[in-house]
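Look for chain A in each of the two complexes below; its partner is chain B in the first and chain C in the second.
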Partner chain A sequence: MPNRSFFWFFLPAGLAMILFIGLPIISTGIQSFYAQHDQILVEVKKCDPFGCKVSVVVDQEATSKIKDEKPLGKFNGFGTYIDRNHLAVDQVSEFWGESKSIGDFINKVGNLPFYKALVFTLTYCVFVTPCVLLLGFIIALSLNAISRKIRGPLIFGTILPMIVTPLVGSLVLFWMIDAEGIIGANLQMLMNDPYLSLKSSKTLMWITIIIYGVWHHSPFAFVVFYAALQTVPQEPLEASIIDGASRFQRVKHIVLPHIYPVVTFVALISLMDNFRVFEPIIGFSAEGSAQSLSWLIYDNLVNEEVILFGSAAATSIMTIIGISIILAPVLIRTWREFKINR
Partner chain B sequence: MKKILIALTFLLFGTYANADCNIKSGSINILANDFPALRTLVETASECKGKADFKVTHSAEHNKIAVPALTANPSEFSVRVAANSSIVPLMNADLIRPMNDLVKKYGKGIQDSQLITIDGKVMAVAFMANTQHLYVRTDVLKENGIAIPKTYEEVVAASEKIRAAGKMKYPYAAAYKAGWNLAEEFVNMYIGHGGEFFKAGSAKPNINNAKGVATLNMLKKLADLSNPDYLTHDSEAIKVEWESGNVAIMTLWASRSGTLLDDDGDAKITAATKLVAPATVGGGNIPAATLWWDGFTLAKNRSDADAEASFRAMAHAASSKEMVAKAADQAVWLVEGFVPGPKSVGVIEAVKMGAKPYPMLPQMGLMHGALGSEIVEFLQGNESAEQALKDVEAAYMTKAKEQGFL
Partner chain C sequence: MDYGLDKKSNSLKTSNTIFIVIWLLIACFPFIWTFWGSFKVRADFFSRADWWYAITAFNTLIETGAKFTTEAYSGAWFEGEFWKASRNTVIVTISVVSISLFLGTLGAYALSRSTKNYAFWLLIIALIFRAMPHITLVSGYLFPFFQLQILPTTIVVLVAINQPFTLWLLYSFFKTVPKELDESALIDGCSYFQTFRHIIMPVMWPGVITAGLFSLMLAYNDFTVTALLLNQENHTMVPKIQSYLGTNQHEGNLMWAVSSVVSATAPLFILVMFFQRQIISGLTAGAIKG
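Now for the complex of A and B:
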């Protein structure tokens, strides 16, 4: 395609991306450098059905004057980024000084909200992504090998987890693992411990969310792998059978190299999706034991009665940076291969 | 016969005509929480809508919608039904209007005690009171020879006895869901211990002390007697536990008693359910509970005509003697003519015992939010009480600094 026609072809999509993705990210970035103005409080008499009391309220006249002058708020620089609820620079260096061992230091840092969320998010990524790739590939291989007659219904059944809305899927599992649900109650009986609860134990809750993540994301990997498998040329496969290659050898030396670019693509998308894990935490009411970066943003925006725009913006920007860092190795590798191929 | 029928229809519609407050124009759009008493109130208000456009949104997620919806200009809603805590963010952001003029002009039936005034300005009109108090199963208590508990220490002892008798595995329940609910339980228990959340005259936190530790220890004791999934249980979930007969003693909102004691569910459990006063704790004499009011506020970013129409419809409901007579079971109404029934026991006892209202302070929402997420690890047994309270204070301070309170 000549560059000129490519430009016109890409223009509408590019404009939409700038308008709906680029500008909001820039605006979020700007917002993250600002904090609210100092609150001007005045003492007044407050009366309600239970009596009167002198206490403080925000002075609206004085506040609105400051707000009109500087609607964005007070410039805070990287203040929000390094405060205790984010990177916690001061706290971390303090812990480093006072901790007796590395374990103690890690424990203390892991207790800070941002690092707590980061640890869960990374754990989720590290476990879910490879499992999804592996499971998706195995399902695709096995479905590709069975009779064409029953393949259709089986494919439909396999992609069901992806069709079910994430929130509904997690709610169903949530009720099953309840202390009185089918899985929860049976586990209590098996372990002979009436106080065993999947929902109150942090480790068990993490495992549950990870299993849910694998269940929910595998169909995506399966669909892409299955499509890729259809393009594997038959001649080399037949040749290798004649040469006496085992099934495993055929997959390793012919199928995998052929679909390798697709594997990279699925790995990229899964990593990005998993880094933004959010729905299962809400679905499982797991806020107590598992918090992800996306959940922190949500918490700052809606869970408080006071909305913390600065905090939410700072966490958003750091999530974007986090995704870029995680994707960097894969992207660099793809870029190198692209250059070699040219 | 025909004449009698016509006369009857006239009589029926006649009563409706009386309720019409002759509103000629404007539009009314209400945002409210979702429980039976509020539905009744809104229905009563709609009786008198006249020619005004009338819309209502009942949502359990009302807190999340309110500030953004009222910030828009013109705002999505003309009326926001709020409570002591949820009115604060509206006032902080200057989103609701004073209604002194409207009260003078159209608020004939409203009693002075219903008015929420800030520095003399009427910011809300309250219509019902609410609190959290104890619910007990009289049959289970009697079977085990236990008197109705008056303190949380007695609640713990009674629950342990019921568990030891092999009657129930998890005899106690309260809404301990991580987040808002759990923080509310802390607020109740801390106030019961006589604690103050902030250092006098400032927004500096003041919970990392002996009272805070005692509060956490009591919450932990109660949690150990609850269903192990307690961190995921909100008011609705523990209501279901109660109706399934799994629980003998429970702390729950007074406003939930209506659906708890209706005809759905096991009649035996319903008959044995008794509403009693909130418990005290740690030898204190005020109950470990907070008093709440529910009232209506008017959006600032809405035309005066809409505000007037909205006020007249809502004032009609907030002063309706028929409504409080008909729905006496649904809430403790603050409206004139309300005769308290057996379901009002909790609130009335709480007021008698000198319960404190939930603190209506601009920075309280930040404290509530910090409590809801930072005390979880203590309950799970992963952290000491002192460390948890230190974390709450640190999390609160950071947020308060960002919001400009410190």
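Now for the complex of A and C:
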């Protein structure tokens, strides 16, 4: 296609992406170097018949004037990045100095908001991704062995957890697992502990969110694996049966190598999705015990008094860096394919 | 796998069936349970005394005189103004789907027919954009978006967020449409726009339906963008559900949330029932070939 017509065809989509994805990313980058203005305080002397009092109040007029002059806020450089709510450089070095053991140091650092969120996000990724791959693959294998006639409804049932929005999915589970729900109440009976509650234990909360993640993402892995299984050639399988290969050996030596590229694809996609885990935290009302990077950004943006754009932007930029590290292998692979196909 | 040589033992068949049944229970039971519970009163569905009340409807009988009640639904839809939220969802969803399909088909067609290097780079950029967490993009929108709090800004943002995925999906679809089709039209003297209008448009509907379904699901399901860019007055369904929960679980009207979860999920399930094939083909489009 000549450049001219390509340009006109692509213009609307390209413009939308530049204006509303490209610019916001740049704007996030710029914002991360600014912080909101300090409020200007003035001393007001109030006198009444009993004497005079001096009180400090916010000078609204002067504060809003500065805001109008510099809507971005005051320039803060890398200040936001290294403050206590983000990389907390000062605190970390202080802990390094005063901690007696490595465990103590890790413990202290893990309580800083950013590192806390990072630890949860990474734990979630590390546990959910392999479980999703495994469960998705097993479901695909076993559904593939079921008679074709009833597969349609079974597939429908299998993909339900994936199509509902994460908030709704986590709410539906939460209502069952909560102390007053069906599973929670039965667990209390089983464990013989009437005070057993999800909200009271950090570990239980983490486990629940991870189980939710597996429940929500496995159908995606299933769908892709199931489609890939349909393309496995029959002849090698039949040959291996004649040679006496067991079912497990057939899966290991013929099916898996055939669908290997798909496995890496699913792994990377679900890794990227898991890295931005956010809605289950709202759904399970787990803000107290589990915070993710995306949740930190959300928390800054729904701040009632002043929206903390600077702080949210700094966390965003670091999240973007994390995503790009995960994304790098995909990009390299796509580049190789493009070169081969050309 | 139905191979003539593959003799399955009965025990394997049974264990396989049991596994599938258990998995389906795990996958579907939460929805069935919530659907069932939405017709009860709160004291039954969130029973402090005995979870069995949710089945026997002990308190529902006392409070309403029947085993099933639609109180939660009428409360949420009228008192809780869920009808407003669902109207907003319909507006947002229809606008997002139509705008992103319009932009996406044109752009993806151009990408699929170009052999230049820049087409590849545009696709890569779209891939990077697709990987961005939505919330990091939202934090980049500044005051006009956070202050207006109206539907159009939300629609614009959702279209943009949706665009990279639509582009990729339609790109891989257009790749399967033979190039000879448009080449012959070009030789006959059609311009590129005429070719697109008369040759490509009649054959592109399967791909467009799949892409449309995914845009629909994104717009319908979105929480991040709508919760941040819309105010209480014009929330769509998903943030509305969250607002029923209240800050503390015991404050907000929990049964409203239950019934509106069911109301919001039902249309989605019906849609998937009819378009299951398209959704699965869309999910696998990138994976199998790539």
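Quick note on the criterion: the second predicted complex is superposed on the first by the 280 of 342 C-alpha atoms of A that agree within 3 Å, B and C clash if a C-alpha of one lies under 4 Å from a C-alpha of the other, contacts with A are read in each partner's own complex, and residues count from 1 in each chain.
Quick note on the criterion: a residue touches a chain if its C-beta (ideal position, glycine included) is under 8 Å from a C-beta of that chain, and two chains touch if they have at least 3 such contacts.
What you see is a predicted model, and the numbers here were worked out from it, not measured in a lab.
Of the two partner chains placed by the overlay, chain B and chain C both lie in contact with A:285.
By the document's definition of touching, both partners, chain B and chain C, reach A:178. Contacts of A:327 after superposition on the shared chain: chain C is touched, whereas chain B is not. In the superposition on chain A, A:36 makes contact with chain B only, not with chain C. Of the two partner chains placed around the shared chain by superposition, chain C is the only one that A:227 touches, whereas chain B remains out of contact.
Of the two partner chains placed by superposition, A:134 touches none, neither chain B nor chain C.
Applying the stated contact rule after C-alpha superposition, one finds that A:256 touches neither chain B nor chain C.
Counting the residues of chain A touched by each of chain B and chain C gives the higher count for C. Contacts of A:306 after superposition on the shared chain: chain B is touched, whereas chain C is not. In the overlay built on the shared chain, the residue A:28 is in contact with chain C alone; chain B does not reach it. Comparing which residues of chain A touch chain B with which touch chain C, the overlap comprises 178, 285, 302, 307.
Residues 35-39, 41, 44-51, 55-58, 60, 63-64, 74, 76, 80, 83-85, 91, 111, 113, 174, 178-179, 184, 194-197, 199-202, 284-289, 291, 299, 302-308, 310-311 of chain A are the ones touching chain B in the complex.
Against chain C, the residues of chain A that register as touching in their complex are 1, 3, 5-6, 9-10, 12-14, 16-17, 19-28, 31, 71, 138-139, 142-146, 148, 152, 154-161, 163-168, 171-173, 175-176, 178, 180-182, 185-186, 215, 219-220, 223-224, 226-228, 231, 234, 237-238, 241-242, 247, 261-262, 265-266, 272, 275-276, 278-279, 282, 285, 294, 297-298, 300-302, 307, 309, 312-313, 316-317, 319-320, 323-324, 326-327, 330-331, 334-335, 337-338, 342.
Chain C meets chain A in the complex at residues 1-6, 8, 12-13, 16-17, 19-20, 23-24, 26-28, 30-31, 33-34, 37, 45-48, 50-51, 54, 102-104, 106-111, 113-116, 119-120, 122-129, 131-143, 146, 156-157, 159-161, 163-164, 167, 191-193, 196, 217, 220-224, 227-228, 238, 241-242, 245, 249, 257-258, 261, 264-265, 268-269, 272-273, 276, 279-280, 283-284, 286-288, 290. By the touch criterion stated above, chain B contacts chain A in their complex at residues 63-64, 67, 84-86, 88-89, 91-92, 94, 113-120, 126, 129, 169, 177-180, 203, 227-232, 291, 293, 334, 351, 357, 360-362, 365-366, 368-369, 372-373, 376-377, 380, 382-383, 387, 391, 394-395, 397-399, 401-405.
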